[in-house]
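Next up: some structures, all given as structure tokens.
Okay, so subunit A shows up in both of these, paired with subunit B first and subunit C after.
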Partner chain A sequence: MTDTASQTNGPNLVRFLTRKQGGIKMTWADRVTYGYLLLGVFVMLLPVLWVFISSFKEPANLSEYPPTLMPVTMEKVEVEGYKTPLPLFEVVQEDGSVKVMAQIRRVGIRAQMVDPENPGAGRVTIDVKKATPVRKFHLAIENYEELLDSSGGNIWLNIYNSAFITIVATLITLVMNSMAAFALSKYQFKGSTVALIAIIATLMVPPTVILVPTYLIVSQVGLVNSLWGVILPAVATPTGVFLLRQYMLTIPDELLEAARMDHASEWQIYYRIVLPLSTPALAVVAVFSVMSRWNDFLLPLIVLNRPEVHTLQLALAGFQNENGIVWHLLLAMTTLTALPLAFAFLFLQRYITAGIASTGVK
Partner chain B sequence: MANLKLENLNKTFGTVEVIPNVNLDIEDGEFVVFVGPSGCGKSTLLRMIAGLETASSGDILIDGESVVRTPAADRGVSMVFQSYALYPHMTVRQNLSFGLENIGMDKAEIERRIQDASKLLQINELLKRRPTQLSGGQRQRVAIGRSIVREPKIFLFDEPLSNLDAELRVVMRFEISSLHERLGNTMIYVTHDQIEAMTMADKIVVLRKGVIEQVGAPLELYNKPDNKFVAGFIGSPRMNFVDGKATSVTADGFNFSAEGLGDLALPRGQRPVEDNQPVSFGIRPEDLKVVGDEGEGWDFSVSVSEQHGRDTYLHGLLADGTEILVHQPGQFAAKRGDMLKVMPDENAWHLFDSDELAIV
Partner chain C sequence: MVPPNFEGGDIVASEAISRTLGTVASLPARAVGPFWKWAQRRLGLKKLPWLFLTPNLLSVICFSLLPVIINIIYSVTGSDNLYLQDRRFIGSDNYSTLMDCQNYLDASSCSRDLFWRSLGNLLMFVPLQVIFMMGIALVTAVALNGKIKARGFFRGVFFFPVMLSPVVVAMTWQWILQRNGLLNGILGFFGAEKFSWLADSNWAFFWVIFVTVWAHSGFFMIILLAGLQSIPGDVYEAAKMDKASAWRVFSKITVPMLRPVLLVVFILAVIRSVQTFDEIYVLTGGGPGSATMLLVQYIYETGFAAQPRNYGLAAAASLLLGAALLIFTMIQMKISGGKK
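And now, the complex of A and B:
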């Protein structure tokens, strides 16, 4: 596993991506495989790519039809005598030549234009069919600037809330799950199987079903509108317990016995022997937890009702004003929201695959 | 430094009695080897002494003090595990110091003990490495080192050499023996390999199904096995057994007769044999002599001849169909299908009754 990972670096990447079955020649099976994989990449990556690219489009560009692939903007020019910069158009002249002109205003199918190099020549009325806008590639970074400015600092609060929930919940999840897994994998006690089955059985209950009871408990405890109200209800996850238990089963009991003879208390065995040896599985659980916490929508939606405790996901959903959805800001924020996870995956993918492979859980 | 006493020790898993009732005395400084086939309960017995397995009943006394309810760490014993059980995420030094740090020992004292042990076992170059970076023999040394630094009263070894290759096993066997001589501690060593038992032990305890079959010095067990099981288990290659009857019993001698083999006249000594008593005649491969292909002796047809150079081992069948093995010193020309005559050495045979007990 680590071998294939290291092969993806440097010039090996090309060799890795063009590997063929068996010999040197490409067989039909190779073609089908690569075709299928490319289709998969296309289907999965396209929406993400669309969001990413579109987040750099101006509002006008976003609502344009037909849509453009890359973010583009109309070329504009300052023309003497006009307050705002005017958009440039390529206008087909009567003699067939093409001239660049600036549009002052458009009424129906006619547009008033002016020659930007010679504004004194006066306005010309032109059929819009003869004019095509002059475009240039333009990354609308101002979407992001506007997002960060216009929210009045709220977005930083959202980021803080999301980050706080994600980090604290993940830490607590790791501790809770690993302690349960340790007990279930390394101790023999009456009812251990029942406990394990009960934990796994909760996998079969859809989260939406327990949403109302969860809310009632949270509200009884007085944690509505507190970040802890989102963190605490889901710190113990059945998948995490099961995954860690399966991994801990592979740690030889002799190690624990050796530690016991070395005067280690059960607590010390847990955090000095079992935890360090379970790092790959812990990494997997951490990644799953970070992912689900960061993307969590339902629980925060019902528990957190005040804007100052909103998470990023809630803020995203709230991105509409009286005129509808503010697409350019929404897209910019979606991109920002997805980035941390994307980076986490980039750097941790080696551990994730290794961890999942070694726990035998897919 | 301590003696160990097991009193009516019993271990039951559910309804299965793994160790029915064991009584054993081990003197201070002895090197005792528990030996037996797999599943004989020798490891369970060791783990009970270590405190990793609770005793169902009975008592374990170290230096006259009952430790049967004492936690493993406080019994003053240390154990070398079959898999070594080194902590993979710690360096050799941390592996050695882990137990000492846990009891809050002074840093300087820990360092002194680590230095002493690592010098003794020649692992001082390895202290910064992790177990995965060590060879099998080095891991073995570190595992022993971890026992030594604790300065226990009794060392316990659970099949420590079974993961090593044959050559290294011989080396480590010698090293553990010399370690015992230097430290002088009581050591209990579990193995299924009777060669390890024979070469290392002051005292061998042969176990079968949780029952002690015989306790004694290696050669005592070899020369005077109490029963057929010990006779067959101790000694390599194992003893041959021929089933037959005692006939023509007189005050001086008797005949051992088996179908197709004729009568073999043997001196009786003090043996309580009766006429027509079914007996099993035990003879070690090296005590069977090939006496040519004519004349007196048992007919023996060779099926396989193993040439070791210095020795020759002949596998084959007697006339009654019993499979036996004959050892011939030196190089001996024989091939499959050869008919030979073999004769037991008249001073080196064993006789067992139908209950497999030795008739002496």
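And now, the complex of A and C:
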């Protein structure tokens, strides 16, 4: 990861895309590479972009086929004598000219329309094939408003639950793992290797394999339907201990000796010297913890059964089952759920990739 | 295993974070100070490290070691009671129920046909998904390792789906693949008929593989990219002097020098592929029928979704899964010469 800082990427890309011939000559291998990468950009970005755009479409617009590229809505107009605004259509007249008319109702392949400028002229029956709706660009923010208002404010509970689990679990993970890493990197004592191996060995136990007993333990402690039942089973992460320990090994022991000379207690050495010096590694561990907690699905799925303790992920998955799929709410919710991590990614990409590259685990 | 590499901007950021955290964290840390002073006097420097280790070890014992033991107990006991004291010992009955088959090639002849179907699906899914995923990750990593403009941008684009939650990934693709969705829209532009992609068994299986690869290949790409960047440049210089072709450079230099990293990636990819659950559960629910149901979903359905909950069967199935993973990892380690 020796490339230039990420802020120069935008202009770079633009320069690359608008580059004219006569610049640097591209070999065919370069062409294939860029072709592949651009195809990749298309396949990777388009789905997410599409969900984002779709989340601003109103329900009628969402159910259209073929889908419209941008969120649009029917242009409507108030016509004298009609209670609700009427949608506007462009109607091809018999002489071939086009006239804008408002539709009153549609029956099968015929529609009753009225001239909005001259409602007194009376209704005209028109073949729907000759009418095309007049539409304008429209961001359906209503989707988000409806999502946040509806379901009795449950969504705010979901957000709170997810945020609580993410923040508390990450804090506990940082404290527990850094304490263990401190012991395993800064002291020579009998059994330290055994302890390290015991911690690392838990990597070999996939969470899906111990699903049933985890549920038993959580329910024995009385934590079913409690957020703590999701937080506690996964607070000690072996990769976190490993990464922090490797980092703390690089902190010179002389610093600790000097502090001991000054009568610092071991606890003070831990939180006043070693912890502050390990911030980069702590940041990596924190980012991974936040990511996995915010996105976690299986453990909340089995531990949290009541709607009021559901996390965002559970609520999002639950949208499917209730009354079919309510796409306009679901898409808004998908966007909301993905946004925090998308922002985090923009700022923390380097930490995340550095962490993955150095431990191979997220 | 190289230490993470941090650059200028991050150090400024991390200093700011550390100062803020430091002030906030020092209050509770100071509050427990007297306890630690007392403990240090009582235990001495030789035993004090164990106190630092206690929270972590407790968690390891409670939520890793104990569950493994309980899982074994579950798998040899029957009844739908969750609590161990209410369960009676039935020996290997759970295992033989799972294994009970007239004909092992025909899942419908088994007493637990869903177990065999999900196992069969898994045996199809893992090789296809891992090969597909490692191929994409390797090609992308090699492409990004060259002299590329806007490399950070491309790397970010290929990586960002890793950040998305499995549920978001599944919902996104469900929206694309639905009957009135974008894919049918694009294909319809070229004159194709509408098609329900997830209602057809074979296509659903294809899309399940595609979507999981889409979501996870960026993760392995980053590891491979780090591996590629640790290959010294002069090796490539020498190959250039000898006028080696691009393919020869790739097959004779890149792949052999990347082998240790490729092996780690392979093991990780298989372990994670075998455990796939969330995306598929939300995307297809294992359907149509049981066409995309994998083993972890079977375990979940048997132990938690079905009534009565059959914990014993679920535990037996998950132990078989765990044993298979363990054997697989050990064989891999053996082949690689026992180094990690």
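One rule holds for everything that comes next: the second predicted complex is superposed on the first by the 292 of 362 C-alpha atoms of A that agree within 3 Å, B and C clash if a C-alpha of one lies under 4 Å from a C-alpha of the other, contacts with A are read in each partner's own complex, and residues count from 1 in each chain.
Basically, contacts are C-beta pairs under 8 Å (C-beta built on N, C-alpha and C of every residue); 3 or more make two chains touch, one makes a residue touch a chain.
Predicted model only: the values in this text are computed from it and were never measured.
After overlaying the two complexes on the shared chain, residue contacts for A:254 are found with subunit B alone; subunit C is out of touch. Taking subunit A as the reference, the larger set of touched residues comes from C, when subunit B and subunit C are compared. Touch criterion met: A:276 reaches subunit B and subunit C at once. When the shared chain is aligned, subunit C comes close enough to touch A:232, but subunit B does not.
In the superposed pair of complexes, A:262 makes contact with subunit B only, with no contact to subunit C. Of the two partner chains placed by superposition, only subunit C is touched by A:213; subunit B is not. By the touch criterion defined above, A:316 lies against subunit C but remains apart from subunit B after alignment on the C-alpha atoms of chain A. Residue overlap on subunit A between the subunit B contacts of one complex and the subunit C contacts of the other covers 265, 268, 272, 276. Residue ranges of subunit A in contact with subunit B, taken from their complex: 252, 254-255, 257-265, 268, 272-273, 276-277.
Listed in rising order, the residues of subunit C touching subunit A in the complex are 1-7, 9-11, 14-15, 17-18, 21-22, 25-26, 29, 32-33, 36-37, 40, 45-50, 52-53, 55-57, 59-60, 62-71, 74, 82-84, 139-140, 143-144, 146, 148-168, 170-176, 179-182, 184-185, 188-189, 194, 214, 218-219, 222-223, 225-226, 229, 246, 264-265, 268, 271, 275, 277-278, 281-282, 296, 299-300, 303-304, 311, 314-315, 318-319, 321-322, 325-326, 329.
Of all residues in subunit B, only 50-52, 71-73, 77-79, 81-83, 85-89, 98-99, 102-103, 146, 150 touch subunit A in the complex they form.
Note for the complex: subunit A touches subunit C at residues 1-6, 8-10, 12-13, 15-16, 29, 33-34, 36-37, 40-41, 43-48, 50-51, 54, 63-67, 175-177, 179-180, 182-184, 187, 189-192, 195, 198-199, 202, 204-206, 208-217, 219-220, 232-236, 241, 243, 246-247, 250, 265-268, 270-272, 275-276, 279-281, 283-284, 291, 294-295, 297-298, 301-302, 313, 316-317, 320, 325, 327, 330-331, 334, 337-338, 341-342, 344-345, 349-362.
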